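Quick heads-up: structures coming right below.
Shared chain: subunit A. Partners: subunit B in the first complex, subunit C in the second.
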Partner chain A sequence: MKAIITILAVAALASVPLWLRDPYLLNALITTGIFVIGAMSLNLLLGFTGQLSLGHIAFFGIGAYVSALTSLGFDVGLPGDVRLVHAPWPPIAGFVLAIIVAGLCGYFVGLLSFRVRGAYFVIVTISFAEVVRLVALNWVELTQGPLALTNIPSIALPLPGVGELTLRTKLQNYYLVLVVALIAYLLIARLVHSHFGRSMRGLMENETLAVSVGIDVTRTLTIAAVISAAIAGAAGSLYAHYIRIIDPEVFAFINTVTMVIMVITGGKGSLAGPVVGGLIFGLLPVALRPVMAPEAQWIAYGGVLIAILFVLPRGIVPSLAQRFRRRRTGRTAPSPVALAETAAKEPA
Partner chain B sequence: MTARSIAMTIDQVAVRFGGLVAISDMSFTVGEGEIVSLIGPNGAGKTTAFNVMTGFLTPSAGRVTYRNTALAGLKPHQIADLGLIRTFQRTSVFPNDTVHDNLLIGLHRQGRVRLIDAILGLPGARASERRLRQRAGELLEWVGLERRAHDAAGSLSYGEQRLVGVALALAAEPSMLLLDEPVSGMNASETHRFVELIRSIRDRGITILLVEHDMPMVMTVSDRIVVLNYGRIIAEGTPDVIRNDPAVIEAYLGHGAGHA
Partner chain C sequence: MSEFFQHLINMLVLGGTYALLGIGLTLIFGIMNVVNFTHGVLYTFGAYIMFIVVQQLGLNFFLALPVAVLAGWLLGAAIELTLLRPLRGSDIDTTMLVMIGAWIAMQSGTLWIWGGVAKSVTTPFPEAPLVLGPVSVSWLRLFVLAAAALLILVTYLLINKTSLGRAMRATFQDHDTASLMGVNVDMIYTSTFAIGSSLAAAAGALLGPVYVIFPQMGDLAAVKAFAIVILGGLGNITGAVIGGFILALAEELGAGYVSSGYRDAMGFLIIIAVLIFRPTGLFARAERVG
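The block that comes next holds the complex of A and B.
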């Protein structure tokens, strides 16, 4: 059943460019897809380990800048009269480096904050994003600061024997984003259903007990942070090469908030949740644009968010899945999970 | 009983929380394959002692060694790797997971495969998963919860949750098991079955240290009993010795318990 829905969903998404010719809508779908990848990576932390990264856009932005700078090249002075010169590399190398560098940043942020966790992780991630934004804004020689990095080349896929395929059109970029999103989805799904995913769930549900059966908290959370950051970095790289211009605004806090909203409305801790939430909140601006000003749109998002969480408190996907299950089994009894939640709240 | 080799040594352990002395100068040993009970009134320091032995708490003084390894400075998960596994009074399950998945989480130590193998679904990782699922099934059968395998652990009765907690601990392949009030919340017949379970665990060569309030149960199952009061050991010996120890009767069992 689940497999059928997944295949149908992928087929539907793959068929979109065949019947949707409007370049504006296709563009909206591509940027939405990129943000969906970001939301999926955030969900790996927030939904499966319970750690809220409120600076998640930092990993996305780092991926974007690393990828852009790798493919544009740079020439910067370092202290001590050293000049660091880098000749342009192919964008695909930038994509790979973006993943590696963002993953390393995730490692250090995790290492710094997971010894104490909880609120500290939230604070460290917010600070990290702000520091990175200030660096991007002020290291003008490297990043052009507010003048933005422009003329970022499109991704080119090396095809053996044929040469290179430069992905310039929206159609090509749509499929590129779709493929990367599918890979990210499968990676996260495999991870969550593996031995490692069970360790993450155990830590989230009952850390003391998880530790007592031999699960290493710091290691597990750090690995989750690395993978999450690496996927966010990949999304950032796609963004840079698709939009072809990036400035420090990419690090804006509102972008992180958007991802958090996507995850929570879609359903944190559910694989499809960020995809559903991401599509809704990615495409909502398109739907609202003709009828209201951008400022009013933010208010509308707030309204939609509250409405969704009011009707479906655990997020769209988990709540609907639960209703569907209940209808099939013809039971009106609360689900085991709901029972477990009340049981957990009772003082033992 | 004197011929047993020693599994765990608690040597002059003291725990102070500020001015409060939770444990003072506690020393005793647990032999390999022995069932030892730690008893005492509420607040006597039993759970504190467990927390020290499993690395959740650093003692103010003294040392704990398990099979010749000093536990000082080890984190709880590292102590678990030595085969020293505990259960908890309250937080005994992963409530939102099924009982079967609870055990799979408990089997963590048996299922370490490389992350990349798991992600790529390589044969080694798949074989390991199959092994773990089979092992989880066996453990459920052992504690008698196979009917509940696919229910959320949080929806079980407290007595059953206790059993899941023990099965989880067994999943971690302990060489020594520390049980913190395992039969609280169980009715008489569940307790009776649990005593059988403890014996069968010991018969597999697993050393057991038990903290429990249920005196008849403690007297039936223990090889040896250590009695704590106000953080201090006031008596130690076989159930018969403890039953007739004047200091224990005075402090804990109360008059008339000698005839229990």
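The block that comes next holds the complex of A and C.
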């Protein structure tokens, strides 16, 4: 049943460019798709290990900058009269390097920040993202600072025997984003349903218990952080080569918040949640643009985030799935999950 | 050397307002266990109250400060009653996300009402700075330092010498026991949030005229407040005051001797370093308020 829905959803998404000719809407779908990939990677940490990383945009931005700099080349002076010169490489190499470098950053950030939990973890991750943003803003020789990196080349796929296919049109980029999103989705699904995924959820439910049954908490969290950061880096690389211009504003905290809103609304800890939440919040600005000023839209998003947390704290997808299951089995009794939640809400 | 003394003077002025921001946040964080993302918006709000009272209503500059404190108190109480009271007992991530939602809505509201153009406030102080040997400091900044010191003192007395303060300290140590002893814990939470908010608004009202006023000014202020709270230790008011001055010193020296572009990075670097090497804060004894 779930597989059928997934296949139908993918087929529907794949057919969109066949009937949608409006370039503005297609553009909105592509950027939404890129942010959905970012939201999926955030969900791996937030929804399956319970760690609220509010610096997630750092990995996205690092991916974007690494990919852009790899394909543009750079020439910077380092301390001690050393000059680091890099000739432009093909963008596809930038994409791969973006994944590797973002993953490495995820490793180091994880190693440092998983020493603290809860509010402190959140604040360390925010600080990390802000420090990276300030470096991107101030290391002008490398990043051009606020002047932005421009003329980033489009991704070119090497085709054996044919040569290269440069993905310039919106149609080509749409399918590129869709394929990467699908790979990320399947990778996360595979991971969540593996032994490793059970360790992650175990330590989310009860960290002390997880340790006592032999789960290496720091190792599990760090691996999750590496994979999550690597996927975010891939999304950032797609963003850089599609938009073709990036500036330090890519690291803005509001972009992390956008991803968090997508995950929370769709349903954290649900594979389809970030996709549903991402499509809603990616396309809502398009629908609201004629009727609401951008500031008013943001007021509404803040309100929606609060409303979702009050009314549907588990998000849209898990709530719908539960309702669907209940109707099919014809049960009137609450599901075990709901029971557990009620029990948890009783004062201790 | 005179440059160094100039940095010290600037540190004192900046540190006083940072301490106000930090005290407000450490009270809320320590007593209510809420990571208050609206703290920066309340700072912005205080600055805009200053702008409204002085520029738009044309009233006295010195009157504007108490108005801003009162407005911050009311807005803080309103946020606590509508958003936090219904969520009492839910996990820290949920309240944190709700506060993020409130922060976005309120900041966008500021942008919507007053626009993105930076505003400035005219002050009654003379243009010419006070020159003391090798250093100079503007009269406005001296006033900011004095007002901040006064507010810190008032807060200290409130926490340590009044029955409300005693109830707050009791709630911080153990809210169940405090409630058994007849402390109205709900009222303490609302008061704590309102007091913390009014201090943030006061900091904004004091620093707004020194710099310029714009809707996003509170974002950095909020992160700096977090840095101060982490430096000083959770719920530690003295720690927050010292933390405020340490952060101001780090920023002044960082901007003066490293690069002015990295001034705002100091707070984040402090956060990362403290949490890695000394997660309980620099001045943590047993965790307590006061």
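One rule holds in what follows: the second predicted complex is superposed on the first by the 333 of 348 C-alpha atoms of A that agree within 3 Å, B and C clash if a C-alpha of one lies under 4 Å from a C-alpha of the other, contacts with A are read in each partner's own complex, and residues count from 1 in each chain.
Methods note: contacts are C-beta pairs under 8 Å (C-beta built on N, C-alpha and C of every residue); 3 or more make two chains touch, one makes a residue touch a chain.
Computed from a prediction, not measured in an experiment: that's the story for all the values here.
Within the superposed three-chain model, A:194 lies in touch with subunit B and out of touch with subunit C [touch as defined at top]. Comparing subunit B with subunit C, more residues of subunit A are touched by C. By the touch criterion stated above, A:183 is placed in contact with neither subunit B nor subunit C.
By the touch criterion defined above, A:301 lies against subunit C but remains apart from subunit B after alignment on the C-alpha atoms of chain A.
With both structures placed on the common chain, the touch criterion links A:205 to subunit B but leaves subunit C unconnected.
When the two complexes are overlaid on their common chain A, residue A:215 makes contact with subunit B while staying clear of subunit C. In the superposed pair of complexes, A:123 makes contact with subunit C only, with no contact to subunit B. Legend: residue contacts after superposition of the two complexes on their common chain; A:20 is shown touching neither subunit B nor subunit C. Residue contacts after overlaying the shared chain place A:8 against neither subunit B nor subunit C. By the touch criterion stated above, subunit A contacts subunit C in their complex at residues 50, 52, 112-113, 115-116, 118-120, 122-124, 126-128, 130-131, 134-135, 137-138, 253-254, 257, 260, 264, 293, 295-306, 309-310, 313, 345, 347. Listing the residues of subunit B that touch subunit A in their complex gives 54, 56, 75-77, 80-81, 85-98, 101, 104-106, 108-109, 111-113, 115, 118-121, 125, 128-129, 132, 151-155, 158, 165, 168-169, 171-172. Considering their complex, residues 29, 35, 83, 86-87, 89, 92-94, 96-98, 100-109, 111-112, 219, 223, 226-227, 230, 259, 261-262, 264-265, 267-269, 271-272, 275-276, 279 of subunit C touch subunit A. Looking at the complex, you find that subunit A touches subunit B at residues 187, 190-191, 194-196, 198-199, 201-202, 205-206, 208-217, 223, 336-337, 339-341, 343-344, 348.
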